[in-house]
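Handing you this structure, nothing more for now.
By written order: A, B, C, D, E, F, G and H. Residues from 1 in each chain.
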Amino acid sequence: MTEGTARMDWARDARTGLPEAVYAEGKTVAQLIAILSEAAAQDRPLLLTRLATSRLADLPPDLRANLDHDALSQTAIFGTPPQPAAAGVTVVCAGLADMPVVGEAVRTLAFSGVRAQVVTDVGVAGLWRLLERLDELRAARIIIAVAGMEGALFSVLAGLVSAPIIAVPTSVGHGVATGGHVALNSALASCAPGLVTVNIDNGFGAAQSALRILHAGR
Amino acid sequence: MTEGTARMDWARDARTGLPEAVYAEGKTVAQLIAILSEAAAQDRPLLLTRLATSRLADLPPDLRANLDHDALSQTAIFGTPPQPAAAGVTVVCAGLADMPVVGEAVRTLAFSGVRAQVVTDVGVAGLWRLLERLDELRAARIIIAVAGMEGALFSVLAGLVSAPIIAVPTSVGHGVATGGHVALNSALASCAPGLVTVNIDNGFGAAQSALRILHAGR
Amino acid sequence: MTEGTARMDWARDARTGLPEAVYAEGKTVAQLIAILSEAAAQDRPLLLTRLATSRLADLPPDLRANLDHDALSQTAIFGTPPQPAAAGVTVVCAGLADMPVVGEAVRTLAFSGVRAQVVTDVGVAGLWRLLERLDELRAARIIIAVAGMEGALFSVLAGLVSAPIIAVPTSVGHGVATGGHVALNSALASCAPGLVTVNIDNGFGAAQSALRILHAGR
Amino acid sequence: MTEGTARMDWARDARTGLPEAVYAEGKTVAQLIAILSEAAAQDRPLLLTRLATSRLADLPPDLRANLDHDALSQTAIFGTPPQPAAAGVTVVCAGLADMPVVGEAVRTLAFSGVRAQVVTDVGVAGLWRLLERLDELRAARIIIAVAGMEGALFSVLAGLVSAPIIAVPTSVGHGVATGGHVALNSALASCAPGLVTVNIDNGFGAAQSALRILHAGR
Amino acid sequence: MTEGTARMDWARDARTGLPEAVYAEGKTVAQLIAILSEAAAQDRPLLLTRLATSRLADLPPDLRANLDHDALSQTAIFGTPPQPAAAGVTVVCAGLADMPVVGEAVRTLAFSGVRAQVVTDVGVAGLWRLLERLDELRAARIIIAVAGMEGALFSVLAGLVSAPIIAVPTSVGHGVATGGHVALNSALASCAPGLVTVNIDNGFGAAQSALRILHAGR
Amino acid sequence: MTEGTARMDWARDARTGLPEAVYAEGKTVAQLIAILSEAAAQDRPLLLTRLATSRLADLPPDLRANLDHDALSQTAIFGTPPQPAAAGVTVVCAGLADMPVVGEAVRTLAFSGVRAQVVTDVGVAGLWRLLERLDELRAARIIIAVAGMEGALFSVLAGLVSAPIIAVPTSVGHGVATGGHVALNSALASCAPGLVTVNIDNGFGAAQSALRILHAGR
Amino acid sequence: MTEGTARMDWARDARTGLPEAVYAEGKTVAQLIAILSEAAAQDRPLLLTRLATSRLADLPPDLRANLDHDALSQTAIFGTPPQPAAAGVTVVCAGLADMPVVGEAVRTLAFSGVRAQVVTDVGVAGLWRLLERLDELRAARIIIAVAGMEGALFSVLAGLVSAPIIAVPTSVGHGVATGGHVALNSALASCAPGLVTVNIDNGFGAAQSALRILHAGR
Amino acid sequence: MTEGTARMDWARDARTGLPEAVYAEGKTVAQLIAILSEAAAQDRPLLLTRLATSRLADLPPDLRANLDHDALSQTAIFGTPPQPAAAGVTVVCAGLADMPVVGEAVRTLAFSGVRAQVVTDVGVAGLWRLLERLDELRAARIIIAVAGMEGALFSVLAGLVSAPIIAVPTSVGHGVATGGHVALNSALASCAPGLVTVNIDNGFGAAQSALRILHAGR
């Protein structure tokens, strides 16, 4: 069997304001090489997510040389994206174990030219940590909130600020929280008004949504 | 046992830009009367959601007289909200059975002074119905997409427009789709970029989120 | 078929410090009458839970006359329990729809001679409501926290006070929160230390657990 | 314990029109060797599915020499099947990560003498990719549609063509889509008429079903 | 709120070979009346499914007069469909409680001009009941198999005949089988080759799929 | 649509040693009448389960006159079964709410000529209740254990006696125990050796299994 | 932390007729050594289940020398159990991948002195395989039926024979059948009378139950 | 991406009476080193849970030297905690495989200066094991009960003693019990009064809760 040919959606940017990106998990090496080669041939920058560090060695040196890979977030930027500038997006997380997902969001924003501010480790078990950063959070234009376990951060935050809040539940947790479904359901069932959510661990999707909101405000 | 006293969050508007609202299901008649009386005393308009038509008869005539109740969406507006003006929000739905949820979103927006445009019955089984409305949809500043069953509308729409899209999965469906979880999961697992979602049948929450985005754009 | 004979566990009090109680749901009228008659014959007070108001009419007048039934909590006290005195138990709830469960806990405590303090409607979507009651809550010896939907109250509270906290998730909520599983899982997955939980809507069980803790402190 | 003896269903072809095949996962090496030896002795071609490349080394060289193993689809054909001819079956997939399942379907069809046409990477997030292949798809006699994540492809496709469509949901996806249940449920709950589905990742079963339909048309 | 306007997909027949149909559950009376009126105005026959007998009284007499409603299957045919002729479709069911779903399939086929043969009460607990009808079943061109509980009929049948088999799991069953998920999963996980399935209780969908297969064979 | 004709499995007794029985739920009145008439014509006794008291009025007087209906267990015996004799089967239950399921088992045994001993209300929360009946239980040849909620009775009992134990989990319980899945899973996951289980609330099935064991011992 | 001391239940045999056995998974090497040493000191034979072959090397040579380990079933017999004799137990399985579970049952029976007959690979997709062994199966005193995937074997078999049938669902299967829950639910929801079941892959428990039935027949 | 900076909640002790602790799983080596360094700099003892033995080698020797790591419970104590004294807490477990969770509880208590008594291997399949330790258990001030599989120990124990009982369900078990959900649900659905529970395998949380109860009794 041939491994198939990707049909890159280079026009997505024009249509939706969001650049084409590649979800690397589940793609074969041959498929990734074909995609990167096409991007190189067309001189387009490309974002890759879920690209495990261990797979870098499988790529030919010339392609690898143009990849800026970040081990924490398992993202790679191929080619040269726009220079990021601050745009009012703040990414908040409940605990340190959420940082890979924070990273995926931050890198996705950066790839589209948006520099995010990061506020870490403000889980509600120690509420003072969140409250002492409240001025910063109230100043944000858009907030991406990242939390696992029971995801109580989402509701507390949404009751305190007026910006759009995009919840990213993470798979951080054990027992009933394994896989991130508890945090996801907490975001969905929140008693706080106007909270929206994306899939578990989907920092990429949250960033894409923030970009849509930024475009809407222009 | 006393039935408890509500602590209305009248300051929510100042804090989050969203007015206090009342989820009527599960509240006793005595509790509802106390809440409406407080709103009347303070001369504040109030939105009530999930207020079954059958419960109206339990309210005293003077309170009922100030309630604008809508049977389809099971919402009621108490007092006089601001005059709605168009603000670029479009509410789209896949089928006629989704209309109560559409109604909850539209009425929530109206209560905050935003008049929405409604596009109905554009489910993807007849794709032409969606494509013939595409110009309208591309012109929207924010889209609320409402769909039950398998929720394929969310992905198709998100791939076609650049506005922020808030998915509202509905409990319309049978067999595996009973309760709306299939449509919810389709929104969360969507291959289309930058889609966010709220709880099943939560037209209210989607509207609140749209209001946050409108505020962010100011 | 005969409907069977109850074996009342009158010795439970001596063994576990907790009086025998009767869960009325699912029992036939004949079974309830037999149980109440035995309690009357032995001159023992008895607590009944989940006794729907509509079932009272099925009981003979002489038994009904000795029943103190509370419609909100669907509990009934048969005979004369001890006079309640304050013992440091505070029952907190997130919203008014949680009041039936609050009531079940309060009445169960009262049946064992403990008068509880009640703090209502302090859900975290308006965090100030909780924070303005903080001194009261910090003074409590034991806290029973009652919340539905996403149950964020449990974590926030457990991070703020040092008393034992027993979470009672409630079935208040819709969509993914239907049935109370989201609030239950939030209690179990909480990032706050030392929170314990009971079954959904189980105000009775939470009160029984508080009684065990009170006994342990003697 | 002996590992048991396979009872090959060589008469299946006569009974159902479908040749016997072997699901290799979970079978021991000794069991596989016995099966292949029996096929060799009876001079019958045999299809093996879910045969990991890593297991090939465990087989004796003479058996391995007659195995045509395909690494992408993890299928092997033992002996010489009929020469495939085109019969109007088209296999469509949403993304490149679905190609192993596409491969399983294509190889199963080939083993029964049917050559399939393959259309790859037409996921609905970029609807134009599907629409530009529409003529080809409308010309197909039978369509096997392969998609993971939210599986929106199934509904869109079923609304556009008149051929029988067999959905094969795949386990491609993360978060709520882990394991393929979201795509499966989307196929089952589809608002489009006349869509049928098979188990997750079951390219083999979809091909078998297509063969039944081809036979019915004769 | 207006209740919205249906966009009938009258072109579906040309596009997919399947006539437009209306799922009545969840539609308001006003919506149903509007749809029927449009069908009357355009002189098109229309199939309605899930139309409870109790709702007939809500329709105006002139529309009701043109409705051929079947109480068992909760289907109605509006106007005059083609005269049905035999086409080789056999609908088989495991037990009498499955008959409403059998009826939905049979009526849907009839609406498209196909007369089905029905074989009832051949559940595998008494295998002889199935085996004594085997000749009939082997003569069928397409089989729709309807079963609830554990759905063992699907596998047994698929191992015995060569026709395409469409499984329709039903919600008949109790305990773990409540809702029909066990029968559905049995169809999906079947060890028999080439079985496909539709949603629980979806006799309509199975019939639509059979029509696609009949068209493919022309 | 015709409602279909039952194919009674009168030969089941010869084949499996168990008489044919009728699960009444989901069958129409016409179907029940046809079945009873056939039994009357052939002069065969018949057991009906899940026959709601409210449905009796729908049956013609002559058939109803031969029905011995038991309201607690919702079972009916048509015609004259054998005279029951004691055979060593004991049916044990944890609480009074389990009595309908106990009744279904006892009546099913009686229909096949076996008189069971019943031990009620021996739930493990008051362990002494079980221990004081231990001699009786150890003397039983076969035990059917009926329990809802957490089903701890199954494990405790299986560790104390040597007879075959058939667990019947019941749907008695609330919150996480709604529907009986917790008791079912406790039976399946039991640490006690040699416990078997049947579906939730399936007193009929447990009795049938006990009859098989009795036959095996002959 | 000390790893704890096992309290062997050597009296279980007297109490329940079933010898003490050890579930090795999850126990540390030190715990296993202590248990085997105690058995050696008391000169008692002991059955160990779920003892991975890879763990044998961790045991001291003198203990290992007395272990009869079977790689297929992952069972080990320590010391000398009674000589097995035939007692009418037949273990049937649907496919070769079920053989490890068959082995666990056979070895557990052997440890208690019962030699079982084994019938393999009689899955219902090729019904003739089962039917040609029917005489053997009808002669069995007790049947243990082992099947994964959709578990249709259980219902078919239970409708054909009169012996007690203990279903052992296995985790053989993929997609929706992953983990064995579909086969388990098929056993529980079976339309065939008098079928009982044990936990997934629990060959040990099925054998223990068969031993209880054999004792009951004495 | 930087890996983020922990905000240690050193004031937690003053606020909740419980010292800050670190859940090591999911934290990077750099994050752990930063946390330990801060603890060292501030001369505070620190408890780490879920710290796999294999990760110790990644820590610098000077930090590792101050870590008292326990392999069974995967806990580490950094620095010098208070000398533990007996305080009436008893930790009971059903089987040896539960010992790692017992260990997590015991070590957490020790870190806060409480020495626990441990009672192992008293699962209810051999009830005498529990009953012979009953005097000890009745003397306990607080009981932490640890059990996997079906968790029947919780109910039996709660019916026998008057102390507060905190259930810790464990992930010990297979088939339906995989992951510990059956034991968890048994604790929640228990028919015994006043039982509370924590998350699966959460020995740490149970110990924290016991500390809250001890404080409440002072």
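By definition in this document, contacts are C-beta pairs under 8 Å (C-beta built on N, C-alpha and C of every residue); 3 or more make two chains touch, one makes a residue touch a chain.
According to UniProt, the chain labels map to these proteins: A, B, C, D, E, F, G, H = 1-(5-phosphoribosyl)-5-amino-4-imidazole-carboxylate carboxylase.
Keep in mind that what you see is a predicted model, and the values were worked out from it rather than measured.
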{"item": "Contact-graph separation of chain A and chain F, given in steps at minimum", "value": "2"}
{"item": "Contact-richer chain pair [F-G vs A-D]", "value": "F-G"}
{"item": "Rounded Å distance between chain F and chain H, as computed from the means of their C-alpha atoms", "value": "43"}
{"item": "Whole-Å gap separating chain C and chain F, where each centre is the average of the chain's CA atoms", "value": "34"}
{"item": "Chain centre separation (chain B, chain G; CA means) in Å", "value": "56"}
{"item": "Approximate Å spacing (C-alpha centroids) for the pair chain B, chain F", "value": "49"}
{"item": "Touching two or more other chains - residue numbers and ranges from chain B", "value": "12, 125-126, 158-160, 175-177, 181, 184, 188-189, 193, 199-200"}
{"item": "Which chain pairs touch, all of them", "value": "A-B, A-C, A-D, A-H, B-C, B-D, B-E, C-F, C-H, D-E, D-G, E-F, E-G, F-G, F-H, G-H"}
{"item": "Complex interface listing, chain C residues touching chain F", "value": "1, 3-7, 9, 11-12, 23, 25-28, 31, 50, 171, 179-181, 184, 199-202"}
{"item": "Chain G-facing residues of chain E, complex", "value": "94-95, 123-127, 149-152, 154-156, 158-160, 173, 175-177, 181-183, 185-193"}
{"item": "Contacting residues of chain C [partner chain B, same complex]", "value": "70, 72-73, 93, 96-97, 99, 102-103, 106-107, 118, 120-122, 125-126, 128-129, 172, 174-178"}
{"item": "Residues of chain G that touch chain F when the two form their complex", "value": "12, 15-18, 21, 141-142, 158-166, 184, 188-189, 193-200, 205-206, 208-209, 211-213, 215-218"}
